[in-house]
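Consider the two complexes below, in which subunit A is the common component and subunit B and subunit C are the respective partners.
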Partner chain A sequence: MRVIEPWVAEPLHRFLSESSARLALLMTASGQVVAQHGFTRALDVMTASALGAAIVASTEELARQMGAGPFRALSHQGRAQGLFLSAFTVPRARWIVLVVYDSDSSLGLVQLFFDQLVRELQAAAPEGEAPRDVLAADFESDLNASLRSLFGR
Partner chain B sequence: MTAGIGAALEPITRVRGVRGAMIVSAAEGIVVAESVMEGVDAQAVAALAAGLAARLRRATDAAGRGAPVFIHLEAEAGAIVAVPAERDLLVVAVTQADVNIGLVRLELRRAADRLA
Partner chain C sequence: MPLVNFTTREITCKIVYYGPGRSGKTTNLQYIYGRVPEGRRGRMVSLATQSDRTLFFDFLPIDLGSISGFTTRFQLYTVPGQVYYNATRKLVLQGADGVVFVADSQARRYDDNLESLQNLQENLLAQGVDVRGLPLVYQYNKQDLPRDLILSHVELDDALNFRSVKSFGADCLHGHGVFETLKGISELVLKRLATGSPAA
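Take a look at the complex of A and B:
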């Protein structure tokens, strides 16, 4: 597990341990990576974070167009693996979690411990200023900096 | 369909000492139908019981004993009992300690048969 924000480590470690998830990616609503577990290549993290943020943005807009409240979570059950994607609010920002699980876990377990993860992150989040908005021009360099921190290169 | 599935739980919840019963999707660990008393977190029980059943299945497979047909987890203040059903379902009951476990087992088995 690699984290950019140190206070995320303990709740995320507990979530991974309890849910037996295979991969986890914690990112901001704009797709900047906050923490990852299980990914071995920076390119995979970059792709997953971009797609995860785009899916959440699309489904939130779809919900808005339908006049429904925001979707709580999106899950996809494949033959051997499942995917769980959900956005949530921590005191300073809106974050997204993307979880991939296999037969060692289940959607129910991921959902159950995801709720606990959100509560723990909300409690652990440091007080302070809201993070600055990400400008399109800064996005790539910010993302690359995050990936360097996560993968140490 | 859902009402029919839910009706299968009634005989289980009528047994004295049963605090809740539910039908769970075994692969996904989510509640399909439930009838539980206050204080029983159906979603949590479903997720954890399905996870437990999957691991026990691996244990009995590894021992060459086939799939479990009845799971009984006894705790200080009661028990969780479960019977696998067809269509990848699991019928689960949460009981007090002083329950007639034989009767619960019988009703779980009947409910599982109804779901077939």
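Take a look at the complex of A and C:
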């Protein structure tokens, strides 16, 4: 499991062990990864996250245009695996969870422990802003070198 | 703001390529995808119509490597340029850390460029974002076409670049200007995270 903020780890770990889900991805509403379990490549996680956020955003917009309340969750049931997608609010942001489960679990189990996960995250979330100064003032030379190597220059 | 993981020292930024239909947004990403080594990029996802016009977005994650000790990744998105798809354009724009406005240099596309730029400002405002506070660069694509068909870099700056932000001439099909544009927007986005930056 990889998490951006340490306070997410414990509730997510509990959710995974109790629901027996295979993959889980927590992301912001704009598709930035907050935590993940089960993926092997960071860049694949980003793709799944972008697609998950897009599905939620388009579904919520469709609901808004239809005058329906926001959809609580989306689920897709495949032959061997199911997918559960839902948005929720923590004190600092609106997040989305994407869960993939197989025959070791079920949609009911995932939904049941998802509610508990949201409660635990809401209780654990800090209210304050994270520090914002990150990069050294002379970061440009690193950036230039990185981009040159990316483009083979 | 870009997402920063202080524990694993990772930064993730969302860059959106915006502009009128057929201006070259997808071509930018396709060129980048073709040039970046496989280990430093993810799959390029294109949600497109049967005729290969962007329906929802194109998406390409790239790994810039270590910058000031932080593993830095960019998520590159394009929006659908066609006027019809404004609802999906708005969704893709959500949470953007920086925008590349890809204009079509052809003189006959002048109005389309202006309309798309106005649309960008409206969609940002609807999300409570003032375009003046968002990292933005312009790319004037198709500068390789015959001179009598296109507007020059200076003419396009006069027509579109009201804030005098960085702008780049480009021929995305052959890659000219793609690297410079990505570098330009990367610097602006990361500057907001830099120590001592007024925006940080």
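Convention: the second predicted complex is superposed on the first by the 128 of 153 C-alpha atoms of A that agree within 3 Å, B and C clash if a C-alpha of one lies under 4 Å from a C-alpha of the other, contacts with A are read in each partner's own complex, and residues count from 1 in each chain.
What we mean here is this: a contact is a pair of C-beta atoms (placed from the backbone, for glycine too) under 8 Å apart; a residue touches a chain by one contact, two chains touch by 3 or more.
The shown structure was predicted, so the numbers you read here are calculated from the model rather than taken from an experiment.
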Touched partner set for A:Arg2, first subunit B, second subunit C, both or neither: second
Which of subunit B and subunit C A:Ser105 touches, first, second, both or neither: first
Subunit B versus subunit C as contact partner of A:Gly31, first or second or both or neither: second
Which of subunit B and subunit C A:Pro126 touches, first, second, both or neither: neither
Subunit B versus subunit C as contact partner of A:Ser146, first or second or both or neither: second
Between subunit B and subunit C, more extensive residue contact with subunit A: C
First, second, both or neither for A:Asp44, with subunit B first and subunit C second: second
Which of subunit B and subunit C A:Ser58 touches, first, second, both or neither: second
First (subunit B), second (subunit C), both or neither touched by A:Gly67: neither
Where subunit A meets both subunit C and subunit B, residue numbers: none
Residues on subunit A engaged by subunit C in the complex (per definition of touch): 2-6, 28-34, 41-44, 46-47, 50-51, 54, 57-58, 61, 65, 130-137, 139-140, 142-144, 146-147, 149-153
Footprint of subunit B on subunit A - complex, ascending: 20, 77, 82, 103, 105-109, 111-112
Subunit B residues within the subunit A interface of the complex: 24-25, 27-31, 43-44, 46-48, 50-51, 54
Of all residues in subunit C, those that touch subunit A in their complex: 1, 3-8, 10-12, 14, 35-37, 40-43, 45, 47, 56-57, 59, 61-68, 70, 72-73, 75, 77, 87-88, 90-92, 94-96, 179, 182-183, 186-187, 190, 193-197, 200
